[in-house]
Amino acid sequence: MVQMGLVGLGKMGFNMRERLRAAGHEVVGYDRNAEVSDTTSLEDLVSKLAAPRIVWVMVPAGEPTRETVVAFGNLLEEGDILIDGGNSKFTDDKLNAELLAAKGVGYLDVGVSGGIWGKENGYGLMVGGAAADVERAMPIFDALRPEGPREEGFSHAGSVGAGHYAKMVHNGIEYGLMQAFAEGFELLEASHVVEDVPSVIKGWQRGTVVRSWLLDLLVRALDEDPELDDLEGYVEDSGEGRWTLEEAINNAVPAPVISAALFARFASRQEHSSAMRAVAALRQQFGGHAVKKAGG
Amino acid sequence: MVQMGLVGLGKMGFNMRERLRAAGHEVVGYDRNAEVSDTTSLEDLVSKLAAPRIVWVMVPAGEPTRETVVAFGNLLEEGDILIDGGNSKFTDDKLNAELLAAKGVGYLDVGVSGGIWGKENGYGLMVGGAAADVERAMPIFDALRPEGPREEGFSHAGSVGAGHYAKMVHNGIEYGLMQAFAEGFELLEASHVVEDVPSVIKGWQRGTVVRSWLLDLLVRALDEDPELDDLEGYVEDSGEGRWTLEEAINNAVPAPVISAALFARFASRQEHSSAMRAVAALRQQFGGHAVKKAGG
Amino acid sequence: MVQMGLVGLGKMGFNMRERLRAAGHEVVGYDRNAEVSDTTSLEDLVSKLAAPRIVWVMVPAGEPTRETVVAFGNLLEEGDILIDGGNSKFTDDKLNAELLAAKGVGYLDVGVSGGIWGKENGYGLMVGGAAADVERAMPIFDALRPEGPREEGFSHAGSVGAGHYAKMVHNGIEYGLMQAFAEGFELLEASHVVEDVPSVIKGWQRGTVVRSWLLDLLVRALDEDPELDDLEGYVEDSGEGRWTLEEAINNAVPAPVISAALFARFASRQEHSSAMRAVAALRQQFGGHAVKKAGG
Amino acid sequence: MVQMGLVGLGKMGFNMRERLRAAGHEVVGYDRNAEVSDTTSLEDLVSKLAAPRIVWVMVPAGEPTRETVVAFGNLLEEGDILIDGGNSKFTDDKLNAELLAAKGVGYLDVGVSGGIWGKENGYGLMVGGAAADVERAMPIFDALRPEGPREEGFSHAGSVGAGHYAKMVHNGIEYGLMQAFAEGFELLEASHVVEDVPSVIKGWQRGTVVRSWLLDLLVRALDEDPELDDLEGYVEDSGEGRWTLEEAINNAVPAPVISAALFARFASRQEHSSAMRAVAALRQQFGGHAVKKAGG
């Protein structure tokens, strides 16, 4: 059993603390929300951990994570390890690692998949960093990852940054998978050939080529709302899809499916598309085609 | 100068009659709308033409054109020629030609491009059919096509169906061109780096790689409405884009740009996308991600 | 236990006979290959079955299936049922059903998923046709489908044609899923950030959002050939992807992911792309850009 | 008439010097290639110009341009103007402008379109920077831009960076336009319905919706090589397409056509696609589908 700090007790961090404690580990959690926090400050958290320490940071990517890392750079000591388990961009990891290395503090970046189901099912983990640091944190990873062979729910992806890179690509793939199911769903709905669309999708859960966890979740959503009428077709994107596409561009890798999935999300959020107004304008200009006037 | 019949005096046919008459040809026009029609019936039209006749049909593609061809199959005589200048699917042409061939009537299919500007600028023409029939109708084609070398505004694309096929592909390309300009326009609008978007686009009309008639039309539209605010981003599609994509599929030709342009039109007409509701549902299921509730 | 005929003992039919017999059913199989056939002709097969009969046809889609249905139209009797379990286009089903209905023979169309793994795991089944016919064939479906709740590996999708329609959409989705994984794999390979790509992908099998049967198969392929060097990037397509896209067009459903996956397959089979030669030619024309000369 | 320096006398710069001199301007050109250079060094070039000076830099984007700007930062004086006419990324412009502003030197960024044809036809120009600097350089712009109204071949797009941004979007659109024509060309070639593909494309030059300079260039290429057999379908990309897509991502602008055009270029350069090997591997795993073995 290990002792560890855990900073950030939101939807993900809170559940992870539960899973870690259930596995017998001692977790000192910190959150700005005092109701869920075990301690009053980062300083206090550090003081409650015996050296050499392991601190897991689970706060929003970007500035919040960067600032937390900087803060720990002034609090941790040689031999400690800081783990960033958030959805950080892999390019942040090198900066974090260098900052901490100057103090002798180790750094691991961990891509964590599984969402709200991870507490029960375990989290898929992709780790970047030095092998020795990975080894030291392995009891934590073993508690967080799903039951079954370690190599099926955990990977040491490479040096610093590789964990978040692997997670980024994982999420890019996820965008494509979701959009593929979504297009099939829409075609089934629109064509009216299949009479009971939810029952067909439910029937894909066993034996078919498309069986998958996302399909199970789609079945679950359709059980609750068979035509998904309660939702709007408005979809956010959270960074990793964009970064995957940027990396595809940087590496000259064709990514038509992942980009299509990302663009579908962009379009879903537009009330008025400048592009499609331009197409309408062109058709009106050359063909005298009827167009829809705004407000008409 | 030739004598000819012209059936269908809508936006396109009406203008074509003007251009043909301006070139000195004798045109007997028929339309269901008596106000613009020169004659009272197809029978009357045929009786007013000296054999061997040429009749140009310019009615909506599909049933209206097919029915008109059938009607003329019972009215025309051996040696006459019927020309379908509408936006018919190329697969209709073989049926039309066979039906008329049984009566000894020739058949030409003509793809006509240029929209409402054709009256003044001339129409781009793509013709399918027998060389002898093309030769006989050449005075008509010469009157309709733009000034300049014949081969730059007219082509004999091949046997029956080739004219409409060429026009179909032309329109598929047109979809792609329009969407390319539209995406660029939207990016200029969204990024706010360029201060006066219409002036930049106007400045592309000479010397640049993208100079084109569609660009000129976009400039014209922006002159009238600099942010295209008067229009909705709602765009119809009229057949040829779909057929081009079907033919790409049939011939195993990758068509990512033409399909993207077509799908953007489909999406522009959707108020609620089943696909994007499915993606929203999946995100809600696995991540507890906030979603927009319908009506919320 | 039921008695049935099974026509077509290829890769799929042969395995299905095994699974059906293992479940205790009496299967009289016919194949042109006498080595695997239980009977010498369709006539003989029919004579070996007691009325009312059930005959399952499992031959290649298109002409072979259509011809087999016609043959059975002359052999089966009122009250018999013919099942087409091949990958037929849904539009064939109506023709088959009408032909057989004239003889009083029932017709079911069944989409069968699962490939070579179905013998062991069971096959995902999507069925179209009359409820009474589905009910009569249910013991067969129960033997073929996977263990577990019937509704998770079987659906009665609707009337005739709905089974193959559901399978068509299933396969369209499958194209998209495969391409999503493929793009992610290529990016991991190309970027060289992740050190051991197969171990990262293996580590996605538990706990992650992308866990799925296709991922398990990718892991299996990488276990055998870690860089997939033994294969060429040459991918056939087998009909359903094209039909899904045709149906998307017919129903004005945007399908950017499914079309991208199909076009990637088309492109994978091209040694020389006319399109890309045209782009190279244009760049050469306007910019004097260096291009690759053929044979150079 | 103005006096000016011009650094970089490659394909573009050399032609521009010709055009500028033909318009009566005094151009002191510098190039590392002494055969074309008017002067021996940047220092010498500066010494030959009377203050306040205008120097146009036309060297490759990225490091070469950045280094040249730094060098001129040490050579130019308050009141001089430096113009970057290369294909620099718009983000470089702010750095350049700040560096020079510290010395009191003005900065303009100019996107230049037109390729090798610009010498004769004039170049389309998009300019970013302060209005006063634009005004001072206007005689140069007027000499370089095409005949006709200034606003049809020139725009002052906005402050520093806006010129290159406009050019970047122009090139992104250009990618889409080229790919649209390319897909249409391939379909015409593959379908064999049209008998003489080059003559159909030539016939699109007048009257049609797709008439454009790129079409004229395609006609020119087909005149030289009717099946484009002398070229390989291998297409480079030169930065602006990638940057356009990055900016689309940054601004949440759907860019399915521009991305498809870029990805088609990426794919055109791949001998072995890891992605398509992964798809082939998956098909082999689930279906026992025949695949092509490498080297087979």
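Order of writing sets the chain letters: A, B, C and D. Residues in each chain are counted from 1.
Operating definition for what follows: a residue touches a chain if its C-beta (ideal position, glycine included) is under 8 Å from a C-beta of that chain, and two chains touch if they have at least 3 such contacts.
Quantities reported herein were computed from a predicted structural model and do not represent experimental measurements.
J.: Considering only chains that satisfy the touch condition with subunit A, which of them also satisfy it with subunit C?
T.: Correct list: B, D.
J.: Looking only at residue numbers at the subunit B/subunit D interface, is the share used by both copies over half or under half? Answer same or different.
T.: same
J.: What is the chain whose Cα centroid lies farthest from the Cα centroid of subunit D?
T.: Taking each chain's C-alpha mean as its centre, the farthest from subunit D is C.
J.: Could you tell me the distance, in whole angstrom, between the mean C-alpha positions of subunit B and subunit C?
T.: Distance between chain centres, rounded to whole Å: 38 Å.
J.: Using the average of all C-alpha atoms in each chain as its centre, how far is it in Å between subunit B and subunit D?
T.: One centre to the other, that is 33 Å.
J.: Taking each chain's centre as the mean of its CA atoms, how far is subunit C from subunit D in angstrom?
T.: 47
J.: What are the residues of subunit D that contact at least two other chains?
T.: Only 114-115, 179, 181, 183, 186, 190, 209, 213-214, 250, 252-256, 260, 263-264, 267, 270, 273, 275, 286 qualify.
J.: Quick check on the complex: what are the subunit C residues that touch subunit B?
T.: Against subunit B, the touching part of subunit C is residues 209, 237, 242, 245-246, 249-250, 252-256, 259-260, 262-264, 266-267, 269-270, 273, 275, 286.
J.: Would you mind writing out the residues of subunit C in touch with subunit A in their complex?
T.: 90, 113-115, 118, 121-126, 145-148, 151-159, 161-162, 165-166, 169-177, 179-181, 183-184, 186-188, 190-191, 193-196, 199-200, 202-215, 244, 247-248, 250-258, 260-261, 263-264
J.: Give every residue of subunit A touching subunit B within the complex, in rising order.
T.: Where subunit A meets subunit B, its residues are 11, 114-117, 178-179, 181-183, 185-186, 189-190, 213-214, 217-218, 220-222, 225, 228-236, 256, 260, 264-265, 267-268, 270, 272-294, 296.
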